[in-house]
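So, here come the structures, one by one.
One chain, chain A, links the two complexes that follow: it is found with chain B in the first and with chain C in the second.
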Partner chain A sequence: MWGEAMEGFFNISLVVEALPQLLTRLHITLFLVVAATILGIVAGIIIALLRIYRIPGFNQISLLYISFMRGTPIIVQMFIVYYGLPAILSSVGININRWDKMIFLILTYGLNMAAFLAEIIRAAIVSVPIGQTEAAYAVGMTRLQTFWRIIAPQAVLMGLPSIGINIVGLLQDSSIAFLLGIVDVMGKARAIGANTYHSLEAYVGAAVIFLVITLLLEKVCATIERRLTMKIIGD
Partner chain B sequence: MKENILIRKVVALVSVMIFTTLIMAGCGSTTKDSTSGASESKKIIIGTGNGFKPYCYLDDSGNLVGYELEVLKEVNRRLPQYKFEFETLDFKNILLSLGASKVDIGAHQFEKNPDRAQKYLFADESYTTFILRITVAKNRTDINSIEDLHGKSVLVGEGGNDAFVLEQYNKEHGNPIKLVYTSGSDPVTMIKALEDCRADAFISIKRIVDGYNQTYGDKVKIVGQPISTSSTYYIYRKEDTQLKTDIDKVLKEMKADGTLAQISIKVLGGDYTTND
Partner chain C sequence: MNFDVYFMLSALQESLKYTWVTLLLAIVPFFFGILFGTVIAIIRFYRVKVLGELLQLFVVIIKGTPGMVMLLIVYFALIQGFDTISQTFHLAVKSKDINLIYIAFAALTLTATAAISETMRGALTAVATGQYEASYSVGLTKRQTLRRIILPQALPVAIPVLCSNLIGLIKGSSLVFMISVTDLMNAALIPANTNYKYLEAYIAAALVYWVLNVVVENIFFWLEQHLSTYKREVLV
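The block that comes next holds the complex of A and B.
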């Protein structure tokens, strides 16, 4: 009965056919995630340090930025970056309107990632007990030495699991990039759907790919975490 | 010592990542540049979609194909002072992108309606007819006209002309039809909704409905008189009158010498440039 109802709409062999086609666009999805993660980590560290050292002015701006980025849907941010930013910049004579769409997307996801990571990094750094810093000063380390040798390694260990979760989240978030016409895995799934009218199969194919990538990412994060733990506290 | 090695490894890893990113970005931009510097002609960016077969969609290898592309390629061949480039966007973002100067022409089977005409410049020459018809599940017999849709729910596309036509109808008749807005108008979900009675009808055009029935087996049918008969036009920004005049002139030529009809027969499977 069920099988009969789905006849014509869903054909499992088309999922298998869609998979290799979807995989041809995997590098776009991965590129977006990697580039946005790098931008997010760099900007996130800067914002976290502004917050920790409470740099007057910047601290408040960072707070506002973080609450905006974490409190609005990413699709809104995508439209603000893609349509709003060029409009603002063109009023001061800079024309970025015709830049590649990918740049706007990396910017959107990177800036979004930065807000989440900033809080994770800040929390990780302040979670290292103050006694560690005092001890480092007591043996004659400078501020920078203390940070790099004592605080940073412990903070990285604290922050890593949450950072991993955010990268996985970013992978799923990247699936709305097709709204701007980027043909990543999700965009390709839609394109297959439009071309063959068999969109369900293409979406299932995309789901399989996202699931496998997510599992791999989690595995990689867990391995890095274990290795770092061994290196830093292991011996 | 241990930490130093670790930090060095992390730094190395990050630089490798940044390096690959740069290379990938570099590859992307060089391929783009090589196309632009070729001639002195003015670059015009066409905003179209990638999910509307047979007008604009992606083939197996990911290239944009379809009627919009074929017609505009021919237009461009006859207008060497311009160089057309195609940008694909989600349907409802095309006019937004036109307004924001992201693209210069909107080409996605746009029908003329007052809402759109107020904000943008419509071409004078149409290039396809678009006759909207009520589409219902194969076994439905109770819906045969727009009056029969009173109290029924109808799927319409966000920002589409089908939505506009029914919104106007609702305004004039005191909201008798329940409109259910969909995004991306995925055919499987729309047809499944009719089959499962989650909605009673959607609005489409005959040649597309024929395509659905070929793919899924006879599931839906067209009923009654068309609810709107219109044509599709290119859309420009208000100030781009020169571009509009140039393209209008070429379209007129293409209609007169039969080229447009030929493209329509080749891509759409029939001459839909003047009638259904």
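The block that comes next holds the complex of A and C.
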């Protein structure tokens, strides 16, 4: 009787059954993570540079932006983008009601990531000693050359570990994207739960996938970090 | 664009009424997280056999599971597990009699424990080995060393990270609407369900979260200054 009851409560074979179905939606989750990371890095570098070169007025705006993005839950940001962006754009005559939901998600996660990365990138660039810049100028490099050849490679090494942590964080945050109705790993898990009345097994399956991808991502980040260190500094 | 400021203000009022729920959902897991997390960190730091490795596995698994997934797993496990037990023993209580906030506490505490244990482990590692050697050499026991020498130095190091842990918990607690606990976000959304003014409701909730987290940040900044007294004396 106990065994039977236990079977009804948690059936490991249902987890195994759910896994291949969940994996068919993994590309949606990964696409969101990759697209948002690219947007986040590009926007993050722009914000960081504007702050470092002290563009007038921009400093306050970017500080406010970063503070807001770090101080509010991503779920709230997601719905503000989802409801707010069409409202703002429709007032200037642009209709985006037919946009794919994925675009709103990439925007939300990318802009959120940008706020976190901007501070990391800024700290990494500032951490390169001023002597490096002076030395580059002394040998006749231009400002742009100095940045790309001397400062950027050293800053990348400094910032890489934190960027890796943020990408893993983004992957974990992507677990709420299904609330907007896209069918990624979590969306599929919810659907399986609704169809089979075995939500627990479906979500445990999703947890397994997230765990494995997290560990893989951490491994990849560590490898890239090691390779880049070898390449830039040498052994 | 028609943005209803008055509705936003009334949603703001609603969410302020339930801000204490959000605070409770963050502080209770934070407290237990520090308690369990510190113990886990110390056990792992001293590389206790078997137990240390088991706890490492626990931390890796919990940290690799997103908060949302953790909440849903704990929810379904407790609800279904509870009904299974009460059916087996023919008990009168059903899972729907459980206050759902306890489920939220359980899930958030698990997440917090794993995160804070890493914070504390990092802080313990940050204390120089010379400090251990010095205290052993003057005859302090392991326990005395930990309590009187190491932890007072590790705590200021941990404070900024604990601050982001707490902010993460405040933000993470917004997920409890999934299991229909009314926190500040859900309170703002309830009036919006009748008139679909969700944008106003979410902006109201965002404002409360924002202010809350800025206040928390400032408290921890003050705490850090305060706790680093030892450090400053040494440096001067």
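Worth pointing out:
Just so we're on the same page, the second predicted complex is superposed on the first by the 227 of 235 C-alpha atoms of A that agree within 3 Å, B and C clash if a C-alpha of one lies under 4 Å from a C-alpha of the other, contacts with A are read in each partner's own complex, and residues count from 1 in each chain.
In this text, a contact is a pair of C-beta atoms (placed from the backbone, for glycine too) under 8 Å apart; a residue touches a chain by one contact, two chains touch by 3 or more.
Source: prediction; values computed, not measured.
Overlay on chain A: chain B and chain C clash in the combined arrangement.
In the superposition on chain A, A:172 contacts chain C only, with no contact to chain B. Touch criterion not met for A:164: it reaches neither chain B nor chain C. With both structures placed on the common chain, the touch criterion links A:9 to chain B and to chain C.
Once the two complexes are overlaid on the shared chain, A:75 sits against chain C while remaining clear of chain B. In the superposed model, A:214 lies in contact with chain C only, and not with chain B. In the superposition on chain A, A:91 makes contact with chain C only, not with chain B. Contacts of A:34 after superposition on the shared chain: chain B is touched, whereas chain C is not. When the two complexes are overlaid on their common chain A, residue A:187 makes contact with chain B while staying clear of chain C. Overlap of the chain B and chain C contact sets on chain A: residues 5, 8-9, 83, 87, 193, 199-200.
Within the complex formed with chain C, the residues of chain A that make contact are 1-2, 5-6, 8-10, 67-68, 70-77, 79-80, 83-84, 87-88, 90-91, 171-176, 186, 193, 199-200, 203-204, 206-207, 210-212, 214-215. Chain C contributes residues 1, 3, 60-61, 63-70, 72-73, 76-77, 80-81, 84-85, 87-88, 167, 171-172, 174-175, 185, 198-199, 202-203, 205-206, 209-210, 212-214 to its touches with chain A in the complex.
Only residues 5, 7-9, 21, 24-25, 31, 34-35, 38, 82-83, 86-87, 97-98, 100-102, 148-149, 153, 178-181, 183, 187-188, 190-191, 193-200, 228, 231-232, 235 of chain A touch chain B when the two sit together in their complex.
Chain B makes touch with chain A in their complex at residues 2-3, 6-7, 14, 17-18, 20-21, 24-25, 28-29, 32, 45, 50-53, 57-60, 62, 87-90, 93, 96-97, 100-102, 184, 186-189, 191-192, 195, 211-212, 215-217, 219.
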